[in-house]
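My structure is below; once you've seen it, I'll send some questions.
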Amino acid sequence: MKRTTKKRLTRGVMYLIFVAAILALVLAADWAAIQKAFFNVDIARDAFPDVIVIAAKNTIVYTAIAFAGGMVFGLVLALMKLSPVAPYRWAATIYIEFFRGLPALLVIFTFAFAVPIAFQWRPPGGSAGAGLLALIIVSAAYIAETIRAGIQAVPKGQVEAAHSLGMPAGWTMVSVVLPQAFRIVIPPLTNELVVLIKDTSLLFIAGMAIQQQELTTFARDSVSSVGNSTPLTIAALMYLAVTLPLTRLVAYMERRGARGR
Amino acid sequence: MTSPAYDHAIDVQKLHKSFGDNEVLKGIDFHVDDGEVVCVIGPSGSGKSTLLRCINQLEVPTKGRVLVEGVDMTDPETDLNDVRSRIGMVFQSFNLFPHLTVTDNLTLAQRRVKKRSKADARRCALENLAKVGLEDKADAYPAHLSGGQQQRVAIARALSMEPDLMLFDEPTSALDPELVGDVLAVMKTLASDGMTMMVVTHEMGFAREVGDKLVFMDEGVIMEEGDPVEVLSNPQHERTQEFLSKVL
Amino acid sequence: SSEPEAAEGEPELLSAGNLTVCTDAPYKPFEYPDKASPTGYTGFDMEIIDAIAAEMDLEVTIKDAGFDGLQSGASLAAGQCDLVASAMTITEEREANLDFSEPYYDSKQSLLAEAGSDIASIDDLDGTKVGVQQGTTGAQYAKDNVPEGAELVSFPSDAELYAALSSGGVQAVLQDLPVNLEHTDDGNYEIVEEYDTDESYGFAVKEDGSEDLLAAINDNLQALRDSGDYDTIYEKYFSTE
Amino acid sequence: MKRTTKKRLTRGVMYLIFVAAILALVLAADWAAIQKAFFNVDIARDAFPDVIVIAAKNTIVYTAIAFAGGMVFGLVLALMKLSPVAPYRWAATIYIEFFRGLPALLVIFTFAFAVPIAFQWRPPGGSAGAGLLALIIVSAAYIAETIRAGIQAVPKGQVEAAHSLGMPAGWTMVSVVLPQAFRIVIPPLTNELVVLIKDTSLLFIAGMAIQQQELTTFARDSVSSVGNSTPLTIAALMYLAVTLPLTRLVAYMERRGARGR
Amino acid sequence: MTSPAYDHAIDVQKLHKSFGDNEVLKGIDFHVDDGEVVCVIGPSGSGKSTLLRCINQLEVPTKGRVLVEGVDMTDPETDLNDVRSRIGMVFQSFNLFPHLTVTDNLTLAQRRVKKRSKADARRCALENLAKVGLEDKADAYPAHLSGGQQQRVAIARALSMEPDLMLFDEPTSALDPELVGDVLAVMKTLASDGMTMMVVTHEMGFAREVGDKLVFMDEGVIMEEGDPVEVLSNPQHERTQEFLSKVL
């Protein structure tokens, strides 16, 4: 068979399958029921403004705190891991591997319940504070790896060129390596931010006051009190409103970065 | 120039360098005098880059000594950064700082190491850009320059530290053939201005025309050295003959 | 283990002037969200606590937490709250880890199933999935009494429990009677059997260091009963006309 | 100051700080309390064999199911995303972006409770089945992106060389591209496996029978029934016993891969 | 060889190719006859690779026609894979299949496209490996070969499809200078065996010695073509003179 004939045929069949699949979905689904369950306008209206002023706000606040804390702590860990002093490297490696290997939920639970009991010490901010502390501790492990990889991704030739000019190690790090590492890590750090946004949904396990609820907890709570799934739809849209632009941005930056080299 | 307080600009003595089990330099002895242009040739993997990098201590030698203007680079008490700022180095892959403009590439080390004022550093940078024929690219970023232009900026960057000697590691081998000429021209000018230079290169024409001495390395030792024209036209050692027959 | 004479001491609280109360909401009619309420929650437990706190001149903060951590004493020991008010049955096992107030409500267990389904008693549960709430007396009762072929599925809270029943994930729910009764309102589900387990709810405080608080709670609970306010609240939620 | 003197000094100070930090930690912590709370031998003994034969086993079984399902579905999505037929690309893109932007917990909750009600359809295996289905659906989105990236990471020159030899597109995909893509994606897929292992800890929200409990649920359950945190320690060790070797393996493969090129 | 049923082995007619707004080929007309060796030179970016890639349709031309042995490559009804299997192509970056041994690299397309038996394919592979002097590397993986060896395997791979003509895109420019010779030697043998060849190269020596025709391209057009010796020693066009002055 000739090339184009064959191609046209395969394409045609593929379009047909696609249309058939769409049709099947449209006909099989009970759209009235779905709309009633997931897109109930009255219930949606009731969810406002709380879903914004409480739930979305808390999700953002928790994410910001966890990210800021994770950045500070993660940078320290990254520098420790690249330190010439072996015990620092070991300590950082153990920490990072440990917390990357555990479910965040387990860590949050441990910090909210087990740690205060064992140490007779409560993190500031009560159980939500404990949960956030756990998120910081977990995200620091991931962020540390990201930053370390970024620093190491700066070509060795850059450091060598700086050294050849007589620049000492400290200045080389500050003026040559970190500015380049920073650009390299922006995309993976943004991804980490997206992960954190989603991980705030685990904080409920620590126990929260109603003013402290974030999106997922808020949605689950509303679903059971109104007996309808529309709050889930709203929460999902809220998440996507934040995460989608961020992931698109990462994709864009990565494409640009790949071209830039 | 007043008579210097040292014997040779570069003095390499019984230099050995191993990476793990792999002995890459197996006892190198040689020197470069003030104002001399020494070209180093040899097959891939023979240790040419490693030798160059041992001179300014980008690689720490396993054994032996390297004296630069009489200062022992391998002595732990030497202030490396001070000596390094007097040795210009140009790499095969340019290694310009991609996040800085051309001018900032040239002023960074002047300001940080030589503690020059912004204005002084900029003045010196522009002078050296003019020397390599790129004053109009002062505000461009390296990514917007051709390979040949980048390499000339790299040379200008090294020059702006006002080095006493320069090391070149295959400065033209990453360039498209038609861009090679400009870079070699800049290097020729430097040589004729009396700069002490050590050049690893595959450009035999340059070696013949500009070099005061040609060094042929193979498997971590210096096989043969001497006047470039002589070595190139009448190689003594069998390995040199073999290599030259392939390259020329 | 309560010491009435300690009542005069100022109870030590997580934050001064504020009573932090953990509960597992929603658990209608005992605790469930209510935007109109200053604490964000209302229900029988919540109103009793509000009344007691008012007597003690304390603000109330309600925290929603998993029942499992509440009944095990972990939330109290971890310092998440001063008091648990969560329709929690007074049991010996729990007494080992926390201290209960005097009982404030008497309850039973019950079995909820779809109206008109084949399930008429606990013996019909063979081969079905039965939903229970993790860590509750209902879960314990089910474990002890369902036939061997029944599969017990435990959920973190009553919210998922009822959702699972309506979505067909489980065929029946074994839960405290007043709570199950709430789910019979629309007529789709009915209580098919009640079990007289003779259980009473109590408020709970942590084992050590909350003696003053417990005494004050007990005193004020008694005062509520004496003043008739308790009955008013009780009637509001459990009137049987 | 001379180079070595200065270096020796900084090193010395850094070691001192490290030793001080360790000492502070050792002295400040109440080791008896910690041991009693987290390393109680009797309680640990009681946890066996259930923690293995039920909890660890279920974690592995759930992970395996979710991974297998995610692989199959993810491969289909990846091929759709690379398809010349635009609607397939769009459908795959929308799907992938949607599910990567939502917390897994929210998706599990939706599939376990909201979907069956709205669609009058229950996934096999009750709510645990629904939870697993949600995990499959979420992981498929991530796996699809991984596989697509792997296929695209095979140098274009490979396809061109095959075409120049007269090899048709199908054979080129099978004999040249996929074998190379497969090697490229092994490390990121292993990472995805680690993520899934941890995400099985979210399944509890869908409700589970005792026999269905995975590690985190089991641990949380035991903590509240025995009033001691040792089960958390055991669960953590179990997770690490699986995740650590996997992440080390990934690191090893990535190092080897980086060198191989 | 019997007299062919076509005018030229390769016949390029009014060929245009744009990438987006960037017109890279601006009307190319030229042909290669059976047994002819045509060398193409020109500055970087002038469109040499694109021209080569248009011939076997790795790039689809924007306008114009390409006939290979009389078959119109741009006709949608042409069975591309059939014609492609008669055109050997060698890339600058070798493009060996890294997951296959040398022999499997050579037998894959024979078996899939020519449907040869395993034994036949292997026999043909070994023959061609012998031609490029690498029969001892039959079971090695590409990663274990030097660049020059890889390129020779790539040539053997193309040969094992028994092509009527061969396209080379800077086959030696990714190689260390001393490895270039072996590859050029193989190409010379091919040429003297009468293979029709079109070679994009910077190796002027090769062009002079082996080429029947030299084509100079610049900015998407053919500036000058003719006998290599003549063009190299006496370029007519100003751009050609400029280019050659830089390269030679």
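As written, the chains take the letters A, B, C, D and E, and residue 1 is the first residue of each chain.
Assume a residue touches a chain if its C-beta (ideal position, glycine included) is under 8 Å from a C-beta of that chain, and two chains touch if they have at least 3 such contacts.
The UniProt protein names, listed by chain, are A, D = Putative glutamine ABC transporter permease protein GlnM; B, E = ABC-type polar-amino-acid transporter.
This is a predicted model, so every value here is computed, not measured.
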* **Graph distance between chain C and chain E, where chains that touch are linked** => 2
* Structure fact -> Top of the farthest list for chain B, CA-centroid basis, is C
* Structure fact -> In terms of mean CA position, the chain most removed from chain E is C
* Asked: Measuring from the mean C-alpha position of chain A to the mean C-alpha position of chain E, what distance in angstrom results?
  -> 49
* Distance from the CA centroid of chain C to that of chain D, rounded to the nearest Å? -> 37
* Asked: CA centre of chain A versus CA centre of chain D: separation in Å?
  -> 14
* Asked: Which residue numbers or ranges of chain E touch two or more of the other chains?
  -> none
* chain C: positions in contact with at least two other chains -> 69, 74, 160, 163
* To do: Give the residues of chain A that touch two or more other chains, as numbers and ranges in rising order.
  => 113-114, 117, 220, 223
* **Sites on chain A touched by chain B in the complex** => 155, 157-158, 160-168, 171, 175-176, 179-180, 183, 260
* To do: Name, in rising order, each residue of chain C that touches chain A in their complex.
  => 14, 20, 22, 25-26, 32-33, 35, 39-41, 61-66, 69, 74-75, 77-81, 158-160, 162-163
* Using the touch definition up top, name the residues of chain B that touch chain A in the complex. => 53, 56, 58, 81-89, 91, 93, 95-99, 108-109, 112-113, 143, 154, 157-158, 161
* Residue ranges of chain A touching chain C (in the complex, touch as defined) -> 50, 112-114, 116-117, 122, 126-127, 130, 204-211, 213, 217, 220-221, 223-225
* Asked: In the complex formed with chain D, which residues of chain A make contact?
  -> 11, 14-15, 18, 29-30, 33-34, 36-38, 83-85, 87-88, 91, 97-98, 100-106, 109-110, 113-114, 117-120, 194, 198-199, 201-202, 215-216, 219-220, 223, 229, 232, 235-236, 239-240, 243-244, 247
